[in-house]
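Every chain is named by a letter (A, B, C and D) in the order it is written, and numbering of its residues begins at 1.
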Amino acid sequence: MKNKINIAIIGASGYTGAELIRILLTHPFANISVLTGDSQAGKDIGDVYPHLRFKGLPKLIALEQVDFSGVDLVFCCLPHGTTQKVIAALPEHLRIIDLSADFRLYNVETYAKWYGHAHQAVELQKTAVYGLTEHAREKIKNARLVANPGCYPTTSSLPLMPLLAAGLISHENIIIDAKSGVTGAGRSSSQANLFSEVNEGVKAYGIAAHRHAPEIEQNLSLVSGKEIMVTFTPHLMPMNRGILSTIYVQLSAGKTVDDLRTQLEKTYGDEAFVHVLPAGVMPSTHQVRGTNDCVMNVFADRIAGRAIIVSVTDNLVKGASGQAVHNMNVIFGFPEKTALELTAVFP
Amino acid sequence: MKNKINIAIIGASGYTGAELIRILLTHPFANISVLTGDSQAGKDIGDVYPHLRFKGLPKLIALEQVDFSGVDLVFCCLPHGTTQKVIAALPEHLRIIDLSADFRLYNVETYAKWYGHAHQAVELQKTAVYGLTEHAREKIKNARLVANPGCYPTTSSLPLMPLLAAGLISHENIIIDAKSGVTGAGRSSSQANLFSEVNEGVKAYGIAAHRHAPEIEQNLSLVSGKEIMVTFTPHLMPMNRGILSTIYVQLSAGKTVDDLRTQLEKTYGDEAFVHVLPAGVMPSTHQVRGTNDCVMNVFADRIAGRAIIVSVTDNLVKGASGQAVHNMNVIFGFPEKTALELTAVFP
Amino acid sequence: MKNKINIAIIGASGYTGAELIRILLTHPFANISVLTGDSQAGKDIGDVYPHLRFKGLPKLIALEQVDFSGVDLVFCCLPHGTTQKVIAALPEHLRIIDLSADFRLYNVETYAKWYGHAHQAVELQKTAVYGLTEHAREKIKNARLVANPGCYPTTSSLPLMPLLAAGLISHENIIIDAKSGVTGAGRSSSQANLFSEVNEGVKAYGIAAHRHAPEIEQNLSLVSGKEIMVTFTPHLMPMNRGILSTIYVQLSAGKTVDDLRTQLEKTYGDEAFVHVLPAGVMPSTHQVRGTNDCVMNVFADRIAGRAIIVSVTDNLVKGASGQAVHNMNVIFGFPEKTALELTAVFP
Amino acid sequence: MKNKINIAIIGASGYTGAELIRILLTHPFANISVLTGDSQAGKDIGDVYPHLRFKGLPKLIALEQVDFSGVDLVFCCLPHGTTQKVIAALPEHLRIIDLSADFRLYNVETYAKWYGHAHQAVELQKTAVYGLTEHAREKIKNARLVANPGCYPTTSSLPLMPLLAAGLISHENIIIDAKSGVTGAGRSSSQANLFSEVNEGVKAYGIAAHRHAPEIEQNLSLVSGKEIMVTFTPHLMPMNRGILSTIYVQLSAGKTVDDLRTQLEKTYGDEAFVHVLPAGVMPSTHQVRGTNDCVMNVFADRIAGRAIIVSVTDNLVKGASGQAVHNMNVIFGFPEKTALELTAVFP
């Protein structure tokens, strides 16, 4: 365990960058050395994020200005599609945690199909480890490049993976109806995400077309040894943070909802950030706001043989920056909970 | 067609009562003669609902004070369970539209099972007509007592009924994931519905236990001639109004999503308040806020043979008071659109 | 009174344009003939505003494509600064109601100072009538060009003008603390107005620098015969619609809060859209949402000789499109309330 | 400095109780030993506050069940008016920080006037220290009973006290227009604070009648040596947390806005939780959400001799539980920042 590592956040002017800073400010073994933001280079981070003023943080600089020689770890928070070339060009000595989708799909053809262009760093992709922390600790420890999971895949895969691995549910007919806050869309100007367009209403988007679907399917297929397809419908909620996934599954023959809950408790009983609620208690995104927790429960449907799983996370924390810091802790051998023992800000 | 009818609203201090007033104020053939509200009796409605001040409305009185002799129609907006005895005691000459759930289930045993007590007006129940307007016009015309449908059943049944009737989708494996604004819970004081408890979060409630499930199943079973059970999960959204139902269905052999849309267009092409969107266009509750519209669309899933239906309404209008006025128009032979040609207040 | 007039809305893709359409759809003497939106030309309005689909409206076209020969009235909803040249080039036979700020300030030097460029239609400015309907009816009737008032000026001037005119309050030391919903900022993409930037917080903006200050001062100075300066601080609220102005004033010697209320009741007693509440009753923006009403009240401060006025409007209706239709009704001799007898959509 | 103190939170089922727990969970020298909640006695705190589940906290018990022998400090979070008798009956060895208003007013006659009943612990009142931390450190250190300041008084007094003490602003004509989130009203069921009643609107309340007015006046009078009266108007915002106070003041002869900012910087330059922004930068409640910070700035009005101060806090933290923990740190000699170096959860 190294004493204190130097960290560079590339693309610090987005929401995941700001959230990394919030978390790392309390980390006793982390030193935020570099913040980049090309369009905001030269600015104080407090001019870009007022809540980060008065924190003694470095100024934003352009990526090309960065001296990486003293840096140990890079968090890369650039938009999807722009990241592959940037990471390919980083010095060899760096450990990298990439919060974009650029290295999440092991199959570069699947990537090309969903992202509309050929993968631009195919060799690097082969070395990337998909960093769903609870399910990839050993690989993460030794990875140079961790592909940090997406928010929807994290929220859905955590309950589904152990159930599929244990053969408790059918690999067919899995339906994920997900509800997300607006921060999932990032901080770029956009008419669709104006307050007055989003407030007081709800809509589905990307039906049967959201790029997190193949990522979820990769996770589920790997543990079950079968090619799994899921129905995945994301919805945009009038709230800042939080994802709630309502997941409809079919029980394997002879299995009960209690079997499912028991399996989840067994899988996550020793985990710091994944919690299974007592029978009958409903998860709510309120209880994970600002935290690195994933809270879940399983309910019997009225229709025999069917169950309903509800899983909640904060999309910016467990679904992005919190999980990234968790992965950092694993890589550098820091106690896993360091800087992540957060209590939700409620109300 | 009578020239102008006299209307009593029983339980006018709840949200559906207030919404009836908002709509009826523009109705050229309706005269609001009586407003009751037992706990608020004696008050000006403007003291209870500031937005109804300055409208020349009668004061709130207690139910026992009402002289029904000149009244033609009663809208009953009392809470579920309290309504059966009240309506049973109303004078014979009155037409009644009941916005509670008390007369919606034709089978009084189903009622007893879901509502926890024996039905208290079994004979009256036999005369009640379930008022899903587009599907029950002829019966409504002659009904003395119309049971106005619930908000979730309206939003789900309108798309599902014609598809089941035409045999285009399987009667099995229908999953309704519904998202509702907070007004569905009414105006009673409640910690759970405080602003600070609801805002900035989402949760499921009443999983496999919501009383609108048997109502939906009654609607679907009647048109399909089979006992249908559905999976129904309602969620509470941080917004005032609106329901969005995301419905997962299985196509019948050889049928396509276009067949479904064509059927819906055929069924509702001449309807004033049910609209099918062009292929690919996503419904949003924003577009129906304050209106009597139900807007829907059908999408192909990535999994062959499966489709996703999205249907939106304003729970207080099409899901309650607007549909009630629509039913009133049918009963009294007024043009159906009267007072209901509303444009959404957006943003 | 002409039977039915033809209307062109220039800049129909902004919020005030959409709101004009919502109101005019119920107007028996108005026919929406032309909708322009240069960047959206060729689109169905329903693609731009889903809530306006299914309404039988004309397609959006470019301004240069418009044939104005059959048009009677133009509502101009273009952004501030772009309007002067457009209106100057319109055919002579048109009546024009301009919802921008371009013709509101009678003094073109004041305009130049606050808007940063010389007025581009100085002669036309001389013919413009400032359309605060209740205080300018006679002039509006004969105006070719009505400058429709701003939302903040409307909300503040309606209570203050009669009090100053009657000498009941001091013309010094008037402080207007105004709170507005986000729609006041329009529909242009903007990081600052993203849902996640606005939600769950409040801030002041444009302290001592907002362009509505000189407009308010013009209104107050005209009725009091003195050069009045006010302290004006607008705030951005996490809500779509509504302005609440809290106004701190000093009573003239010997005057009381009751004198103020009496004067307001006298001034507005016969007005359809301005309402003075009973003593002690607090206005709220909820009660005017979606309506053309301005609701106000006056309260005694604990400090002798000081009073607090609270005034509320919907910024998109009374503060923009509703007042514009009111002005249209005045110009064409339609009953003033036509299409404007709206009840708030609450909750 | 004692190593680890034992803490009892009386009234832990309210929002300030829950917020104390959130903060204390990260405090290295604090041990939460007792949580009381009479109406919820016997419940797990996680059943009352889902976000506090899985935190290893004690169960809620009734006040009469508490064994105070091992307890060092009591936080009292009971409603106003119920606290005096409870605190009077607590064992002598306890240090007490009371978050209610019961001991804030030094003058028991002022208390009686504003709270409608005689003070019930007059002798105890004489020993109470008003705990506005930055201005009362020395007294707090030795106090047995600290009256923790109200949220509005904290937000307003922090900027005004040094300016009045230094004679930079007039003690007359101070107008405080305050905007608050809904949590200020607590967690009790209430129709007025239902989501659907508060959302999408703003209103003033308690004009010239709010109980925080005499508390503000006590603070300002003490530092200026004059009886000060202020105009104070609180408003209810559709948001959970945050107070923004817009304060209108008159400069003393010859003084400038820069003089004011300089004084504030001088007063608070070494303070951990009070921050003065650079000239021209606008405070927003977003930047203090979840933190113990008060952020302020001063702006010149267009009217000569007048200034506008904007000050923001999180009403539940700096305005309640954060300040209470700050006071605890002072009393027990812990480093003042302990457990309070919080970064805002934004967005």
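The working rule: a residue touches a chain if its C-beta (ideal position, glycine included) is under 8 Å from a C-beta of that chain, and two chains touch if they have at least 3 such contacts.
Since the model is a prediction, treat every value here as computed from it, not as a measurement.
> Using the contact definition stated above, find the chains touching both chain B and chain D.
A, C
> Just to be sure I understand the contacts, which chains border both chain B and chain A?
Where chain A and chain B share a partner, that partner set is C, D.
> Which pair wins on C-beta contacts, C-D or B-C?
C-D
> Using mean CA coordinates as chain centres, what's the chain A-chain C distance in Å?
Here chain A and chain C have centroids separated by 45 Å.
> Using mean CA coordinates as chain centres, what's the gap between chain B and chain C in Å?
36
> Would you mind pulling out the distance in Å between where the CA atoms of chain C average out and where those of chain D do?
Chain centroid spacing, chain C to chain D, equals 39 Å.
> Using the touch rule from the top of the page, what residues of chain B touch 2 or more other chains?
15, 183, 196-197, 199-200, 238-241, 284, 286, 289, 347
> Under the definition above, what is the set of chain A residues touching chain C in their complex?
Going by the criterion above, the answer is residues 15, 181-183, 187-191, 193-200, 238-240.
> Report the residues of chain D in contact with chain A in the complex, numbered from low to high.
15, 18, 21-22, 25-26, 49-55, 183, 199-200, 240-241, 275, 277, 281, 284, 286-291, 293, 341, 343-347
> Could you pull out which chain D residues touch chain C in their complex?
Residues 173, 175, 177, 179, 196-197, 199-205, 207-208, 213, 229, 231, 233, 235, 237-242, 244, 246, 248, 282-286, 289, 299-303, 306, 308, 310, 347 of chain D touch chain C in their complex.
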